[in-house]
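Here chain A shows up in two complexes: once beside chain B, once beside chain C.
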Partner chain A sequence: MEDIIVCVKQVPNTTKVKLDPVNHTILREGVESIINPFDDFALEEALFLKKKFNLKVSALTMGPNQALEVLNYCLSKGADEAYLLTDKKLAGSDTLATARSLAALIKKLGYKVIFCGQESIDSSTGHIGPSIGEFLNIPQVTHIEKILNYENEVVKVKEKNEFGYNIIKVKLPAIFSFLKSKKKLKRGIYSKDTKNIKVFSLKDIDIDENLVGLMGSPTRVVKIDVDDTIDYFLKVDSNLTAIERIKIILKGGIEEKKDRLVYKEINNTIISKLIQIIK
Partner chain B sequence: MSNYFEKLFSEFKIKNVLLRNRIVFLPHYTALATMDGTPSEKEIYYYTERAKGGVGLIISGNYAVSKSGQMHRTFINASDQKVIPVFSKITKRVHNYGSKIFGQITHAGPTKMEKPQSDLWSPSQIIEGSSGTHTMKIDEEEINEVKHAFEKSSKNLIESGFDGVEVKIAHDGILRAFLSPHYNKREDKYGGSFENRARLSVEVLKLIRKSIGFEYPIGIRLCMDEFEDDGYKLEDAIRFAKYLEQNQLIDYINVDAGTTWLSYIMQIPPMSIPLGYSEYMSASLKRHISLPVIAFGRINDPVQAEMILQNESADLIGMARQLICDPETPKKAKKGDVDGIRKCIACMDGCVGQCIQFQPIRCIQNPAVGKEKFFGINKLKKTSNRKRIVVVGGGVAGLKFSEIAAKRGHEIVLYEKNNFLGGQLNLLKKIPFRNEFSEILRYLEFQLVKYKNIEINLGFEVKKENILAVNPDVIIIATGSQRYIPQEFQALNTYSSIEVLSGEWNEGKNIIIYDKLAKNEGLGVAEYITEYYDNAKITFITPANNAGEDINFLNLDILYRKLFESNFKCIPYHEILKVKDEKLIFVNKYSRREFIINKYDSFIYIGDIISVDNLFWELKGNAKELYRIGDAKAPRLVELAINDADNLARSI
Partner chain C sequence: MNPIIIDKGKCTGCKKCLEVCIYNALEIIDKKAVVNIEKCTLCRLCMNVCKFNAISFFNIDQGKEITSYKGIWVIIEYFNNNIKNSFFQVISKANELSEITKEEITVIIIGKGLKQISNNFKKIFSEYGVKNIKLIDCINIINFFPEDIARIIFDEIILYKPSIVLFLGTNFGRSLAPRVASKVRTGITADCTELKISDDNNLIQIRPTYGGRIIASIICPFYRPQMASVRPNIFEIKKNRISMDKINLEYKEVEIDSIEKIKRVISTLKKDSKDISIDEADIIFCGGLGLGSKDGFKMLEYLANKVNAAVGATRAAVDKGWADASKLIGQTGKIIRPKIYFGFGVSGAIHHLIGMKNSKKIIAINKDPRAPILKIANIAIIGDVHDILCRLNNEL
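For the complex of A and B:
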């Protein structure tokens, strides 16, 4: 298999983010930055393949200098190289401009296998993977749970859909977007170290500066709304059969599975919080 | 306004009826009426008691609109003029204590309680699922009769001074049957499409509005989910509610779920069902309509009630059993005395358990239920003859006696041989479907610490000489009972329920339970084992017709759901003959054919219980006043221990 480049994003830890109740904007102050968990799964899969096929894994991100923390995280987990694309003119890029910039750098670096997370936890658009694919004019596969096999330039993947799975074969070069899976992730270390990071700016990539940054971004965020319909009680899906509905009520939305408890629709209830404290 | 529960104790208006708080006493059958369906004096005191306790709104009810609409002849027939005098007394007294009162009317339709069942009025002819009885498809004249019965009854209610009328389209009754695709297979204008199925309800509501005028609120109790695969679900109920709201036919909705009898556990949820399980139903409804919504479903706590209101899941909080158990819940909550509230544990033995046998409503924790005239709020008289009383035993009987006697001003010294109070309640609460029995203990312990005239001695086993030396005025023997396994059934690995529940046994994989009693204890132990011991395989043998035959069928429903999901097998009709050489020999009760179990790991014998009453017999004749209560008198249910204690403490 060819060498892999993994696109990663630095995101605020959204489990700790609060929303400004008046302006409805995200209050990022004092909130730590982490690797987008979806990207972490993509990286994990790449590192798994690295061992298996003895190939090279690189990490790529675009953002301000601070974003090198997440690249160091990737290196500490076992990535071989890390690229930071940073430029003041890139500030304010939406998903279209970001994908355009990343695609240009990937093309310059010459990678044929591109991994990324299905979406980011701070904006959840899911645009980046497919957009890079379009800019590079290569096949894209999304919602991947795992890579099943690789043989003769053909990658076999397990793609999750609403009803189950599709098994898809795709010929390289291609871009793959990964979901979070049940796999236990290896932890990396965030640091501000600069020495192993290769830094690129806008002049290194062959691109019209009017097509990136704020200028090249047609998306405008009109308003962010707080979802105030969070439910603090057990919910029961009407599509289940009567017996299943009664069963969920009887068990209070908690199901025991071998060694763990599974919560069904009770994430915000006092009970779920108590269980977490007891655990 | 209360400082403690801001929303719960804020006023609320339904149409033009102003309620002093958000707590609603939900309608239910009480079996307090006479055999010809007229309300009795007991009914007056029953509702007055709840008004005294501070409830905002009482919806009294399950009143039938005609003779054909009675589920049993003890259901009040509200279309009969002779109900008006008693109804008027109820409404007058309830108003005197500051509560408002609505009356709920229904026609039983295809659901009746008597056996064998008489005519079951139904939209279509089907087999009524719980009884196997074929229903009667009613014709247009009978439909008209039903409509006019509703009209007539609503008039009687208003004439009797009720503040509003509630129409039952809930867990039972003909109106829900018409709405339900499970019951309604008609092809005329009352069946088929949604509008057609809703037609009878709409016509009834219109007719009531016409007859009582616009000033009185009309509400419905609405079943939100029939829990039948071909019945209607949450979305259908919401659609119906919106339809009624758009046509301005109703002023509030009282939420409800399940059906009598097929999914009864969703209607009157037993202890195994989590508190507030149905909040999602009222919340979903409230998001689609702007009419006031009343929540229901195991709400027994003011904190929980306030949270439901703060979550905006409902506008009002419905409680039935909680206010049966402790009518003063609203008053106590308002004062902030939350721990002083005696919470309903949903045991199903007192209220529902009695009513389904057409016996007057009771409560295992509140002996005053149905007897409010004599034992209700403020009926406990201080004693003029203060006595020194020794209570031996700190189980439920001893504690209850001490509570009531102390409230009356007697001086109590209580001895308990263990280092903790509660006796068998401490084991009972380990059984999953009985776990809230711990509330009984919590409540009683909390009461006892409030009174200075009670002295509690733990870890003290009382002998005859100790007591005689103290020379008290009264001696109460509440020493409980113990399990007894006859010699012929003893094997190496034979255990009693007490040993199992206290963990003093060698469990194994293959467990045989012999249940001679067919009551809560046997299946309770089985449930406990399946819950806490993985891989246990239980063979449950009983002389009864099925496992736990005597258990209230609502609890049994849930127990069976759990047990049959695990490794559980029942062999009915078999008695134990003997245990010989570690082999268990059983015999079929009818054929006397024997069968032998050779291989098993443990054998649990549920049967004989004997009173621990030696002290009673020793003291007999030597004491001034000597009484025994609870299991020391005879091993019985918690309810009877509480009753013994309450009755005695009031008379001493």
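For the complex of A and C:
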């Protein structure tokens, strides 16, 4: 039986992802892999509870062998155990198949509290928490800012919503998805060390292999495009003369509104016009 | 075994399928196309381009009877006695899809105490061409939790088999949609910014990933319903009035064994009521680095309160700590569509412009005449931000 299981994901540092200008594919080479920042906050909350209540914290990830780097990161920050679920047949899993696989392993390990990040910075779906919750048939709380209390098998959390906050009490077992907060994170160390990682493959968990990986994933990515919104702003009409093109580029490449009103100083006419618009 | 089957008698080796496969899963061996099982993702793009009908698909999950699923559903939250404006954006998009698929739209309204006001819903939705309204009155629920609502929607899906189910990407919708999809064991795509229908009647769900740098098109070819959550304020609201007596309204009382036994909201902290959300506001006052300080931002907030405008901020202002991240407008923050946008000391970095370019009227004040935002503004004022704030304050 695990006290707290933290689900983590290894992600490319998306701020540094580059695209192949010809094929429009993602250039992964040379892009560093990091722990998904949302998961790092979830881990931090788990380690805070570990200290306070003397609980055992385990980190869990699914992915290729190299994903053990994030598990070592979690161990270096103070996690007690690290589990890697890896199998060739898991490749191509969408969020449904991923949650199904993770839930199967969590079931095998025994669970009480499951933590995860609200979303990952690469795919940003926010599906995994609720989906694992559904597969295990346990309550979920998402968009959590922080844990407020943990006693007598009841967890109290602060959940952010569009209107403000809810303080929610939930009886365990349950799954919690954490937002990033302003809290300063302790840094961990990534390493390729294998000795403290417990590795599981598909045959170790109780699941039909047709329900995982590509075969078990209902969704298919059929096309990848580069976002052209930025290009739209920077587009310069090729029919223009060189001088005009240079002029536009110097202005930041933005297409000017044709019928705009420009005021070069602030006077009472403008103020009364603005007041009229506001009212 | 690979469910993609190539009929060697029909295949002419024209290589059309090779060109379209983004996974390089096809090759020509002895002048016939062959699928590489390791690489194929069963996306069926090759099937669609083959002019000779040489490629067919063995359905792995025939029990799902895809064709028996019909209709487009939009799930509507009616939790605080109102419907967020953005839900009508989803309905407008659903209308576009329904014109192509020729399937009817049903709005599923989840709320409490709906019986007395059922005619109001008829009136509201007649403006948007919705022919079917289903009111689900959760009579014994105190708080709306995704776990409970997922069970209710699941029961409806199993009974009525819609082909498409759309959610608005509110915090609640984003927590509910994956819960429902996992119960039904079908596919779900998050935070879509565009929806289309493919030639073979699949819902193409388009969404940004990798921090918005990449746009992925996703389909759910062998499972139904096809489910997606939609990003607020991307789609335009289009009215499409129909007569109220053309509307089918179904009322359903639901009493469920709620999760409230083990999960409870013990208190709620509401933001200042004056603090209007930038998602829904008609007027937005956005502050940028030009405001100079936290005090400058406070002045903007003070003024916004006076005229019921919502306050937004640029990335630079948020990073300085002048405004909360929830106020961020732009590619990594909120996408807005207000009637009037005011930019006070906003320079107009590309990532901000992406978030506000759809505003109906743009008014920008900046002391730098070269500030990009002045170029896309309807009214561009070159001048001191503090001067204009003070003068507006005197007049308002």
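One rule holds in what follows: the second predicted complex is superposed on the first by the 214 of 279 C-alpha atoms of A that agree within 3 Å, B and C clash if a C-alpha of one lies under 4 Å from a C-alpha of the other, contacts with A are read in each partner's own complex, and residues count from 1 in each chain.
Criterion: a contact is a pair of C-beta atoms (placed from the backbone, for glycine too) under 8 Å apart; a residue touches a chain by one contact, two chains touch by 3 or more.
None of these values were measured; they are calculated from a predicted model.
Trainee: Kindly classify A:Gly92 by the partners it touches after superposition: chain B alone (first), chain C alone (second), both, or neither?
Mentor: So A:Gly92 only meets chain C here.
Trainee: For A:Ala242, using the defined touch cut-off, is the partner it touches chain B, chain C, both, or neither? Pick first, second, both or neither.
Mentor: A:Ala242 contacts chain B only, not chain C.
Trainee: Once chain A of both complexes is superposed, is A:Lys169 in touch with chain B (first), chain C (second), both, or neither?
Mentor: second
Trainee: Would you sort A:Lys160 into first (chain B), second (chain C), both or neither based on which partner it touches?
Mentor: The second partner, chain C, only.
Trainee: Compare chain B and chain C by how many residues of chain A each one touches, and report the one with more.
Mentor: Of chain B and chain C, C contacts more residues of chain A.
Trainee: Which holds for A:His143: it touches chain B only (first), chain C only (second), both, or neither?
Mentor: After superposing on A, A:His143 lies in contact with chain C but is clear of chain B.
Trainee: A:Val221 in the overlay: touching chain B, chain C, both, or neither? Say first, second, both or neither.
Mentor: Touch status of A:Val221: second partner only.
Trainee: For A:Ser131 in the superposed arrangement: first (chain B), second (chain C), both or neither?
Mentor: A:Ser131 sits against chain C, while chain B stays out of touch.
Trainee: Which chain A residues lie in the overlap of the chain B contact set and the chain C contact set?
Mentor: Comparing the two interfaces on chain A, one with chain B and one with chain C, the shared residues are 229, 233-234, 252, 271.
Trainee: Under the touch definition given earlier, write down the residues of chain A that touch chain B in their complex.
Mentor: Those in contact with chain B are residues 229, 231-236, 238, 241-242, 245-247, 249-250, 252, 271.
Trainee: Quick one: in the complex, what on chain B touches chain A?
Mentor: Interface residues on the chain B side: 225-229, 231, 233-235, 263, 265-266, 272-274, 276-280, 283, 287, 307, 311, 313, 558, 561.
Trainee: Using the touch rule from the top, collect the residues of chain A that touch chain C in their complex.
Mentor: 12, 14-15, 17, 19, 26, 92, 94-96, 99-100, 121-128, 130-131, 133-135, 139-143, 156, 160-171, 174, 210, 214-215, 217-227, 229-230, 233-234, 251-252, 254-257, 259-266, 270-275, 277-279
Trainee: Under the definition above, what is the set of chain C residues touching chain A in their complex?
Mentor: Its residues touching chain A are 22, 41-45, 60, 80, 145-147, 150, 170-172, 174-179, 181-183, 185-191, 204, 208-223, 259, 262-271, 277, 279, 283, 307, 309, 331, 340, 348, 350, 353-354, 361, 363, 369-370, 372, 374-384, 387-388, 391-392, 395-396.
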